[in-house]
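What follows is a set of structures to go through.
In what comes next, chain A is part of two complexes: it sits with chain B in the first one and with chain C in the second one.
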Partner chain A sequence: MAQLELRDVHTAYGQSQVLFGVSFSVEPGECVALIGRNGVGKTTTIRSIAGLVAPRRGAIEWLGENITGRPSHRVAKLGIGYVPEERRIFPELTVWENLDIARRETPGGWDEERVFELFPDLRPIQTRLGGVLSGGQQQMLTIARSLMGNPRLLLLDEPSEGLAPRVVESLREQVRSLKDEGLSIVLAEQNLSFVLSLSDRCHIMEKGEIRHSGSTGELRDHPEILEQYLTV
Partner chain B sequence: MESLVRFAREELGNPGLATLLDQPSFAFIQVLNSVSQGMNLFIIASGLSLIFGVLRVINFAHGAFYMFGAYILYSVAESYELGFWTGVVAAAAGLAAMSIVIERGLFRFIYDKEHLMQLLLTFAVVLILTDLAKMIWGTDQYSVSYPDGFGGAVDLGLTRYPTYRLLLIVVGPVILVGLMLFTARTRWGRLTRAATQDREMLGALGVNVPMIYTGVFILGSALAGIGGALAAPFNSPTPGMDATIIVDCFVIVIVGGLGSIVGSFIGALIYGFVFNFGSVIVPNWQDVFPFLILLVVLLWRPWGLFGRPEGEGA
Partner chain C sequence: MESVRVMPRPVAAVCAVVVLALLVVPLLDSRYLIDLFTEIMIYALFALSLNVLIGYSGNVSFGHAAYFAIGGYTCAILLTTYEWGFAPAFAAAVIASALAAGLVAWFCVRLTDIYFAMLTLAFAMVVWGVAFKWRSVTGGDDGFVGVSVPAMLDSRIGFYYFTLAATGLSAAVLWLICHSAFGRCLVAVRENRIRAGFVGINTRLMRWWAFVVAGTFAGVAGAIFGMFHRGMYIESAFWTESATVLIMTLLGGIYSFFGPAIGAATLFVLERLTNEYTEYWPIVLGMILVGILLFLPDGLAGLARKLASYRSRGG
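After this line comes the complex of A and B, so read on.
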């Protein structure tokens, strides 16, 4: 049984429909990538899973349980961590407070000590306000914050966006080490080298639908597929 | 100084100002009156501001909550003779219970609606509550005695001053510090601030935001209840007392900056001083003072003293 499964998900914002039947699944420990140009519906897919927008049709199952349309705080408690594209650090809370509000104590789970081991750059800035962090610090904090809730799956929306190449490099290592620990990941990303180095499977989206699905190895061997969907 | 007193009395024809300048004890009493009235208003206004800061709803029924606090105190302390302090606790608990019902049953459904809808609904709650109060307590004006040990006056050197009013002067800052510690140092306070900044994100992190909203609404409403109970000995519980207080509270909260607790504190002090000194210097104009304060502050800082312009966080 897949850990996460989307079946024929249709999502709309008011009158404008964005997703037209998205289906894919994630196995435990797997990293599944959603790629595609701006506006194809990657974020909407992730927000549908996180419970931030309710699909009009279709089903989302988590560990065999139907979670379609559940409020986001329930979805999060079931073990799905949402890491938004805009990072959405609480600007007037300190770094430590940003972590603390997401805390869910579990034996052997994440706490600030473990978080700072993974993101050592956050340790010296614990008392700094979220609003004054650099883009790289914000990205680390937003992932770290989700980890405090002990997720089994992370929804990572464009984590490398707007970051300097050196920062993207260390982010890649950090995400890889999370994957090595057995965390499943849904990764929406435009940075192809980032995607190809981390994911196991890729779904290429266009206009709210998945147009091509395949293993990451296949895409590495056939860059013409990527070109077909991603060049303007 | 003496020439100043004479100038006030003879040239300005203002005996009030002349007495203020002439008699230090009279001026001192006005200062104490200002602070004690301000502190009573702060207790109530801080609840209104807290609720607005997090829930973004302007609760017109806050004045009615205050009135219920005063009535509950009267019933518990005077009718049932269970003591003044029991009455204060009962007022807080009673308002907490009432506010759960009102938040879960009504307010919850209007957070995403526009301000006009919110105004109409909270106004409907005002009408219901004032009628309910009339059904329970009628239209009499009740007198409430001071709590044991606080009925007299204390010698402060310059003058003697009612003990009970001095108590209010102490309680106000205690509540201020308590609320500040709560928001700054407790996990609930941190969650509350996070909810103010980005409600959706907080929910996506697994926090039950509606629960936080209920909690804040309970706390803010209980403050109105406590404020009403503490005011009962000098503001006899009676119908209509809610209407006056809500105007005062709005002035204070807007002057201080919506959502800012320190702002309400300073706003309440300003209100107290302008009202008390204004009544002495320009008698019979006290009803205009609240609006004058509002006008002056809003012209100078449209978002209030401690508030921030819309869109820059709470």
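After this line comes the complex of A and C, so read on.
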């Protein structure tokens, strides 16, 4: 049984429909990438899973349980962590407080110590307010905050966007180590080298639909597929 | 890291000085000052309770006086009509305020922003209407007068120290609540409800608890108020009372824990001084409100913070 399964998901914002029957699944420990140009529905797919927008049709199943339209705090408590684009931290809280509000203790799970081991840059700035952090520090904090909820699946929306190449490189290593620990990941990303180095399977989206699905190896071997869907 | 944020040293020092100063007020042997400071402490607690809702959870209430009045009337009626002892009457008053706040919050937290504020006002007017019409129990617009205050609180100085202890203890409990993990979650909800939701915070439940905490401590303030004045009057439940405590909170500053207490003290003293020269206090109050909104969005506490940071930069 797949850990996460989307079946024929249709999502709209008011009159504007964005997703037209998106279906894919994520196996435990797998990294599945959603790639595509701006505005094809990657973020809406992630938001639909996270419970931030309710699909109009279709089903989202988590460990065999239908979670379609559940409020986001319930989805988070089920073990699905969401790392939004634009690094949405709480600027009025310190780094430590940002982590503390997401804490859901699990024996052997994530706590500050483990989080600071993964993101050592956060340790010396624990008492600093979130609002004064750099973009890279905010991205690390957002991922760290999700980990404090001890997720089994992480939804990463454009994690490398707006970050300096050096920061992207260290982020890539950190995400890879999460994957190596067995965390499942859904990665929506436009940075192809980032995607191809981390994901096991890729779904290429266009106009709210998945147009091509395949293994990352297949995409590496057939760059013409990427050219067909991703070049302007 | 501590699970409760430690009080910064300068703030702790100011608190200690204020408590010491309040302890010696009765030694000045002035009935006027003792009564003035008793009432300031009651309103300071009332404003601190409202700030849990406004400053910490980001929900503006236009009907906070309802819980102040429920606490006041319950304590007064149980002490006088039913001749309960002080401790059970006081505890019942606090519980009644908490229950009423819990019930009203159940409806209110389903709404946000102006709709939330208007619903709090609507429920407060229901409380006012009950106090006004249920004459046989509340005394209606004549007020519930002649409250039987226990003998131990009968002296002016005894009541002053009781108020100091009760409001001080309540403020300490509120500090712990607001600076605990719960308080941090409230700040997260205030900053961004959607963001807090996907972090795993049940935002509606958090707002409900904030409402209950605020209503409970408003009930404490109301119960003390009723005993201090030896009576409760329907004006305590009217929307103008809710507006007054809201202005106190804004004047002091909603982003500071002690700001609302400073606002309560400032507004109270200003009202007393103004009333000595003119009967047009509402005009002065309106001008104060305009001044806060235009020039002091973070209130007096925000102004103090700015001045302190200006001085520390050597300006």
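Assume the second predicted complex is superposed on the first by the 232 of 232 C-alpha atoms of A that agree within 3 Å, B and C clash if a C-alpha of one lies under 4 Å from a C-alpha of the other, contacts with A are read in each partner's own complex, and residues count from 1 in each chain.
Note that in this section a residue touches a chain if its C-beta (ideal position, glycine included) is under 8 Å from a C-beta of that chain, and two chains touch if they have at least 3 such contacts.
The model shown is predicted, which means the values in this text are computed figures rather than measured ones.
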item	value
Fit or clash - chain C, chain B, common chain A	clash
Partner chain(s) touched by A:73 [first = chain B, second = chain C, both, neither]	both
Touched partner set for A:82, first chain B, second chain C, both or neither	both
Chain B versus chain C as contact partner of A:126, first or second or both or neither	second
Touching partner for A:20 - first (chain B), second (chain C), both, neither	neither
A:112 touches, of chain B and chain C: first, second, both or neither?	second
Chain B versus chain C as contact partner of A:229, first or second or both or neither	neither
Contact residues common to both interfaces of chain A (with chain B and with chain C)	50-52, 71-73, 75-77, 82, 84, 88, 90-93, 97, 100-102, 104, 145-146, 149
Chain A to chain C touching residues, read off their complex	50-52, 71-73, 75-77, 82, 84, 88, 90-93, 96-97, 100-104, 112, 126, 145-146, 149
Residues of chain C defined as touching chain A within the complex	1, 3, 5, 181, 184-185, 187-188, 191-192, 194-203
Touching residues on chain A, where the partner in the complex is chain B	50-52, 71-73, 75-77, 82, 84, 88, 90-93, 97, 100-102, 104, 145-146, 149
Chain B - residues contacting chain A, complex	187, 190-191, 193-194, 197-198, 200-209, 313
